Structure formats: C-alpha cells, structure tokens
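Take a look at this one; I'll ask things after.
Chains: A, B, C, D, E and F, in written order; residue numbering restarts at 1 for each.
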Amino acid sequence: YAPVRVNGFVCKNPMEVNADDFFKAAALDKPRVTNKVGSNVTLINVMQIAGLNTLGISIARIDYAPLGQNPPHTHPRATEILTVLEGTLYVGFVTSNQPAPNRNKFLSKVLNKGDVFVFPVGLIHFQFNPNPHKPAVAIAALSSQNPGAITIANAVFGSDPQISDDVLAKAFQVEKNTIDWLQAQFWENNHN
Amino acid sequence: YAPVRVNGFVCKNPMEVNADDFFKAAALDKPRVTNKVGSNVTLINVMQIAGLNTLGISIARIDYAPLGQNPPHTHPRATEILTVLEGTLYVGFVTSNQPAPNRNKFLSKVLNKGDVFVFPVGLIHFQFNPNPHKPAVAIAALSSQNPGAITIANAVFGSDPQISDDVLAKAFQVEKNTIDWLQAQFWENNHN
Amino acid sequence: YAPVRVNGFVCKNPMEVNADDFFKAAALDKPRVTNKVGSNVTLINVMQIAGLNTLGISIARIDYAPLGQNPPHTHPRATEILTVLEGTLYVGFVTSNQPAPNRNKFLSKVLNKGDVFVFPVGLIHFQFNPNPHKPAVAIAALSSQNPGAITIANAVFGSDPQISDDVLAKAFQVEKNTIDWLQAQFWENNHN
Amino acid sequence: YAPVRVNGFVCKNPMEVNADDFFKAAALDKPRVTNKVGSNVTLINVMQIAGLNTLGISIARIDYAPLGQNPPHTHPRATEILTVLEGTLYVGFVTSNQPAPNRNKFLSKVLNKGDVFVFPVGLIHFQFNPNPHKPAVAIAALSSQNPGAITIANAVFGSDPQISDDVLAKAFQVEKNTIDWLQAQFWENNHN
Amino acid sequence: YAPVRVNGFVCKNPMEVNADDFFKAAALDKPRVTNKVGSNVTLINVMQIAGLNTLGISIARIDYAPLGQNPPHTHPRATEILTVLEGTLYVGFVTSNQPAPNRNKFLSKVLNKGDVFVFPVGLIHFQFNPNPHKPAVAIAALSSQNPGAITIANAVFGSDPQISDDVLAKAFQVEKNTIDWLQAQFWENNHN
Amino acid sequence: YAPVRVNGFVCKNPMEVNADDFFKAAALDKPRVTNKVGSNVTLINVMQIAGLNTLGISIARIDYAPLGQNPPHTHPRATEILTVLEGTLYVGFVTSNQPAPNRNKFLSKVLNKGDVFVFPVGLIHFQFNPNPHKPAVAIAALSSQNPGAITIANAVFGSDPQISDDVLAKAFQVEKNTIDWLQAQFWENNHN
C-alpha cells in the first residue's frame, strides 16, 4: 500500500526497521563553508534520520566564521540547548512582550569552550563570533524532530512574495525606500 | 501556607472556586485607543481569568485605526485563529525556512467581516487595515492560556539592553548608523 | 500515492500549501436560523479549514433567539472561552462529582456585551438568552481543532438506536413511559 | 517550606519517598453496599495514592446489585477500559454530535466475565447488570490520575444551586413541573 | 485508498465504526499456562482493540504459578497500576540513578487480594508469588495503548543478534564465559 | 513566600530572571576521570540550569577510556541523540519484546567522528569504545530537562536494599550464589 506518513514522514514496517533508520554517517564532523553572514547550520532532523519521527529531538553543528553570526531567528517548535566546541560566542535571546519595566529584556552571555546556554522555545536569539581571526564551532540540540527555523531578516524582508512595503515601513518606522532597499537584497538561508 | 503556583499562577482551594474565577466583565466590548502603529490588542489570558490555568486557550479583541496595523509578530506558545467583526483586514504569515523554491513563503488574504484565518504557532504574522477612513475590529483566539507575543521590531530594535549594532547591521545588511537610528526610536508595545 | 490523513485529515504536500488552507470566507458574519431550542452554533474547525490540523484550536459563532438557548452539552476534547457580541446571556457549568458539600456545584453568570466566560474541558454547560424580545450573538473559541459536542438530551434520549428505557428510567428516577415519551421526541442538533 | 502542590497534590522530597506512596491496602477486594441506582464505584486515584501524581492512570472496582447500574456519566479527563470479574453487564456509550445519518450513535455490548470494553474520553456511557438475581463486579482503569466523573442526572437535575427550570424544561422538552419534580429528587453520588 | 495508519494502526471510516472496535471477548477470564519463570501476561492493547488508538490506556491479566514471577522488566511508554485478584504478590521497583545516599532505591511491598500498587513509567519492576502451593492472579492497567515491555534478562542476554560478551562481561563484572553461558540459555518471553 | 516548585524545581519571579538562569560555565569542555567501567557522563539538566524547567531538553558530554563503556542503561523519560567528537564508538540498543521473529532485536553501529545515532525513549542501550589505546568523547542530547538514567546492572544487582536473590536467580537463570556474588560487587554510578 502507499507509504504512510505521520507528521509527514513515512512509518516503516517494524519488521524492516534496522540500525540505519537511527543513524547518519559523517554528519557533523566537517567544518562547512559559511554564508554571507558568516555561519552555517547543519541540522540532523527527521528528514535525515527517519527513526526520529515522534521522538522529539534533533541535533546540529554550527560553524561560525571570524566575526560571523547565526543571525536573529526563532524555532517555532523547539527549545535549543547549545555548547561551544571551539572558539568564543556572544549569544543572547529577547524575552516576549511584558508590561514595563520588564518588556523585551535582552539576556546575553559570552560563551567559551564547554559553556552551555539555553534558548527557550519561540524566542528570538542569535550567536555571534566576536573573534576577528578565529572560527568557532558549536553543537546545539533542539526539542523537536522538526524544530523549524525562522531567520527574522529573511522572513520579514526576503519572503516570496514580498510583504507590502507600506506595512513594513510603518512596522519598522522607516521610509518605504529603506524597505524597498532591504527587500532588494539577497537573503541567504544559513539553515539547510 | 504560601499560595502555590502552577505555570506561575495560584492554584485555588477547590472549595473556594466560584464563577468569578472563570469570568471577566466588560473585557472586549469597547474600542480602545490605538498606538502609533495604529492598533491595540486586548488579550484576556490567565492573568485576567485565573481559572484558565492549564486549560490552553485565551481570547483577544484587536482594534485597528484606519491604515493601522498589528505589526509583524509571533506567539511563541500558541496558534491564533481570527475573525473580522468590522471593516477589512489584509493579513498574512511567512512560513519557516525551507529548501528553495519553498523558502519563507508569504501567505496572505484580504479578510472581510465574518472571514476566518489561522496563524500557525510560532510563525511571523501581521494584520493591516487598508482602509484610510474606517477602523477595523477583530476577535482572535489563541491556543494557550499564556501565549506570549513577540513584536519583531520591538524585540530586535527595542530590547533592553540593546542588541549590539555590529550584530544587527550584519544581520539586516544595513549600515550601523541605520541600526543606531532604529534603536533610537520609541518601540511601543501594542500587546498589553 | 493515496492521500494521507493524520487525525483523520489529509496532510498536504508542503509545496502545494497556500493561504486558502488557512482561510474560510464569510463564515461567521451572518445571523443563522435558530433551531427549536432557539440557537445555532456555526463551528469553524478542521473540517472547514484543513490547515488547523494538529494546531489545537477552533472558533464558532453562536446565534440565540429571544429566550433561546444552547442547551446543556459538553465538549469531550476542548475548553471553551466565550464573549458576547450582542444581547445578554445567562451561562453556567456544573462541576464534576465531588465529596459533599462540594458536589456538582453550578457556577453561573449573566453576561453582557464584551464579557468573557470560560467553560472547562468536559464539563456540562449551557447558554440562555433571557431576553424575550432580542436575539443574542456570541463568539466562542475551543482548544481543539476537532472539539466534538455532546448535547446531553440528544445523546441520552435521542441516540440511534435508543438506550434501553429500563436503564434510563432508573437513572433519571422517572416512569418508563416518561422515558418513552422523551425518546419519541425529535431531538434536533444545533451543532452543525 | 510550605508543602508544594503540582496539579493540586503535594510534591514530596525525593529523599523521603517510600513504597507507601505507591500503595493502597485492601482497596478493591471487598464488595461494597450499592446506592439507590444499584452500584458503587471505588476509585483509587491520586487522592488515595499520592505517587500517582502526573503519571496519568487510576483504577476502580465497580459493584453492581442485581438490576443495578452505573448510570449514564462521563469522565472529562480520561478514557476508561473495563473488564468483568463476576456476572454480566450490558454496557454502551453514545458518540458525539455528527451530521446525519451518523449522529449520536449508541454503541453497546453485553459483557461476560473476562470481556474487555473501552469508553472513549468524554463520551456518555453506562453499565447495567441485567441479572435480577446476581450481583456483578468489574475492574476499570482510567487514563488520568484524576479522571473526574460527571453523573448526567445528578449534574443536570441535582446541582447546587439548581439550574433554572426554564432552561431545563426547554432543553429536555418537558413541562416545568416535570423538571421541578426531578429537581426535588435526591440525587445520590455513586462515585466516591 | 490505502488503509491509513496513525501510530501504526488503521484509522477507520467513522461511518463504519461499531461496538466491536471497542470490545474484546473472553480476553481476561481464563488462567493461562505460565512460562518457565512462572508467569503469563495477557495484554489487551491497541493490537487487540483498534478503538484504543490514541486513547492512552491498556489492560492486562497476569497469572503467576506458585513461586512464579513476572521478572524484572520496564514499560518504555507507560506507568502501570496493579491490583491482586487472587493470592499474594511480593512486588517492587528500583528508582533511577541518584546521588548517594539516594541511588537506585528498591521500594517493595507484599500485596494481598485487593491491594493496589503503582510502577512509575520506565522503572525496572517485578512481581513474585511467594506462595509455594497456590497460584496468584492480578489485573494491571497501563497508561498507553501500546506500552511496550522490556524483560531485562531477555533484552540483555537473549537479544538477536547477541550483544558482544566483551561489553556485557565488563558491564556485569563477570567472566566472559559466564556471559556466554547466559547467552546460551533460552530466554522465553512472558509478554505476548 | 516559600519557593515554589513545578516538577520539583523553583519557579523564579520573572522580574528576577537573568542570563545566568540559562547558563552553565565550563560544563562540558574538560575530559573527566572515568569510572571502573571506563566512562563518565556529565549531564547538564534542570538541576544545573534552572531555566530548563518545563523546556524538555538537556545535554551531556560522555568520556570513554580505551575499551571503556557507558554500560547498558535506559532513560525512563527521554530519547537520546548522540554524536562522536573524538575516537570511535560501538553503540546499540535492543527493541522491546515483540512476537517472534522480531523480539528483542539488537540494532548496532560503529560510530566514527561526526556520526549521529538515536536511542529511542526507554530502550536499553550502551556505548563502547573498542579502541585499546585511545579515549573517545561524545556529546549527547536528551528530550527531557530531567531524563533520568537507569544503569541496568546497578539497578538490578546494586539496589538499596537488595532485591531478593530468589527472584533474581530465577529471572536470570543462575544459581543464587552467582546472584549473591554479583550483589556483593560495588556498582559504581557513571551518571552524576
């Protein structure tokens, strides 16, 4: 019969399940070329390992160029926990809207090798490599087999089709031509 | 003993529970003054109705001035379903990062009175009143007793303290002085 | 391959998803003819908006004739939050069995325009329009994409086939002919 | 510090947890006196065994007098699975409102010793002992540490305070004096 | 179209659902032959009753020979609640690793007819019939429609293929030939 | 008032939350001394980072001596995803009881640097460093802020108090003196 999908992924006949359904070779060992903002996220989720379906976890390696960043983004379905393998990272997240004096607090840390930091589900967060000479590497885990990622600048200024510049000009308190200029840029995805 | 909180809210002695724990008077009937982006969200969540705790739902009235908007934002813990009571709204959301040609798709609609639209959990969405003369009003429901709201511009450019302009300039591909100018604006919260 | 259903609804190819999957036109604007108990519930759930699947929310408009009611019923899979758009409603729910003096407490309120009330998951509740001259209208949201509804009188006395009158006579402490008379009535569903 | 409650029950210091927190002696072995509808439900839930908190299960013994019944009721937070230990039971549940020809279907079975039957969460169900001479006994398990029980007749006609007879007369299509007569009865709880 | 499975089980057309989908005849009444460790677990889960799918509960009868046991095992997806129908059981579970002096505490009880005991999700537990002359019988319920069972000795020493004896010899602090001897035994499953 | 705990951990006043509540310094960078089975698990969970409470994830570094192992164990509340940072690991898990020919299948892989493997919730699994000369290091993430760990040998043979050797001798098909010898060993915990 037709392959059956739960949460969009194939459910395999238990008789045919084997170790390869829970395995991905050479997934996170190699540094990867970073994009124009200077990072590259290699996520191993249910699309790479079918056996993860319904199990609620995934893992990623993140490479950072000198002065590179994983720009402000959210994961709509997951909390992230990250540890630094190499180099230094300046990381932070912003809390959701709150009554003053508490609103949109920015919580940040400088992380060194072996430090651990948590980015709660759905909050805007970033990592930045402040070192002008050395790259950085991190391992991050996410609390979903399909966490999703929304890079703020890409989603707001690089969507297809574009969001009306009337709306964005007012939302960001800038001239429409500033929005038009932003929308004319190439917004590269660093989550593949 | 000390009041006990689950999910941060007091658990009441069942003997003392009464109808007022499930009730909020005159909550959503009155038009409210809109803020500088031209909207005002009146959310009735577990902070207004203690009985909502653990029940996974809340409701809001949203007022829109002519040409006003509820600017791009996310709810980190809830899906939203909205219906228009008065006027017209241009609404949309952007999907999360996807491999091309599917990435960051912008899905939008013009809504008239009685239309219903859904904004999936964690995705960036907005509503805009395109009418230059008439206000609009909507009722929205959210799938959490404490959905949270993150107004993108406020969280990115209006956080306390501010995010480094080095990070934001590279993330948004603009000059640092553009970021500095943005961070100097007053970012008003329309979710109270 | 065959369309695949999760929770009984089709999972669409992400490439083909569009705004119409999250939209229902002219759903809740028009007053509808009320049934013999004087109400009509127009529910927009996953059957009307496929994109709601797994998102855990739905919305309804409820019309009430003068002296009409949405009779005692439960939602087996959802909490309901309701606000009055027009008129006045007398609403209430009954708590589950408890040791005396707490058992089956009836919590009620008279709601005016803009008031909000919560009916916790699975509890028997109703709304009644006490005004003999004016209709009433409410918007309600439910914490499931498929909340279900069980109208107590219909399920007990109008099931197909009928429940044994021996059982019901003893359960309701009435003569069997009273049960037979009740079972002979037409039990109209106001949840469509 | 003050005893802390999660879901309303004390969280014990792990150092002090012992086997008695997971144990209830002589809970389900003895036949119990049945009430006026001829049954008695002995439920062992989180109030009897504190260690059940958050674990999502409970168990009950149900005694049935000859021609006795566990009258139509729902569990707002649990599915029930039942097996007969002694005697015979006629059992059934009614599905929620559906478009015709499917609405409020009554599904029933006669159960003998060792048979198993399932009552899905939130649906109205009952058990009846059709034998005029012999009692019956069942063991039932519920998918919550605090499933709740709503005996329909008690909640509708025996609530404190009473539901308006105007509302109930119309809902049940009977004269107000029939409702008044019903509300004047003593509605005994068989779930203790 | 192809039968569709959620959690691996067919979702039936609601029009065709009937009482047999929630029923299993003569499932738990008969004593069954016990295996070489002196027990036999008769589990009624979603494979026997399709209507249990997604409902989160199952039920079992366990037969114990004199001096028989249901050997140390875990349920990866369920908490178990058990009551004794006949005879006496010595039962217990071991808590997970904890800092001393709390680590791997063994909590046990002797259960007589009608006693109830809880085995929390995922913890190693067993039941033993200490009576050299009389069998014992218990009814157990589990908080999943598909709880799974892992008999420790079978999974560790009777897997297919076998786990390396190098690994097991070190893990269990015994000689490899002891492991080899253990792996040469026949490990009979008492959960069918 | 008294500190309030949810899932056993303090809920902090949102006004006082800061980055340190989501941070652990120098947690995972340093190799640690391995125990007598040749491993050491350094788990960063909600006890080290209070901000993880309710967020459903934790992370660990695992050090392996040459020929060292993280012996057969389960996590009662989490799935684990692991990647190798240094060296080589032979890993595997055993499926739960199944009807033949499927029962207790052992799925294994040899992992090299950068490989990723998944251990589904509640299943018995281990990692072994087959290299007689070089240590190995892995990073693992778990789908709970408090996953728990049950080392099989420790829980079965090293519990406090000990499980009856009558029970264990029959369960493991060995002489009681073999059990007594095993129970006399020192069972060291490698999960701290």
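Criterion: a residue touches a chain if its C-beta (ideal position, glycine included) is under 8 Å from a C-beta of that chain, and two chains touch if they have at least 3 such contacts.
Chain by chain, the UniProt names read as follows: A, B, C, D, E, F = Germin-like protein.
Keep in mind the model is a prediction, meaning the values are calculated, not measured.
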Between copies chain D and chain E, what's the superposition rotation on C-alpha atoms, in steps of 5 degrees? 180
When each of D-E, C-D or E-F is compared with A-F, the one sharing over half of the residue-numbered contact pairs turns out to be D-E
Between chain E and chain F, two touching copies, which fits better, same or different residues at the interface, with half of the numbers shared as the threshold? same
Please report how many Å separate the Cα centroid of chain B from that of chain D, as a whole number. 41
Cα centroid separation between chain B and chain C, in whole Å? 27
Report the inter-centroid distance (CA atoms only) between chain C and chain F in whole Å. 48
Multi-partner residues of chain F (at least 2 other chains): 1-2, 4, 6, 14, 92, 105, 120-121
Considering only the defined contacts, which chain E positions touch chain D in the complex? 14-15, 17-19, 22-30, 44, 48-49, 51-52, 55-59, 61, 79-81, 83, 85, 92-93, 95, 98, 102, 105, 107-109, 111-121, 139, 141-143
Residues on chain A engaged by chain B in the complex (per definition of touch): 37-38, 67, 69, 71-72, 74-77, 90, 92, 94, 96-97, 99, 101, 103-106, 120-124, 126, 128, 148-164, 166-168, 170-174, 178, 182, 185, 187, 189, 191-192
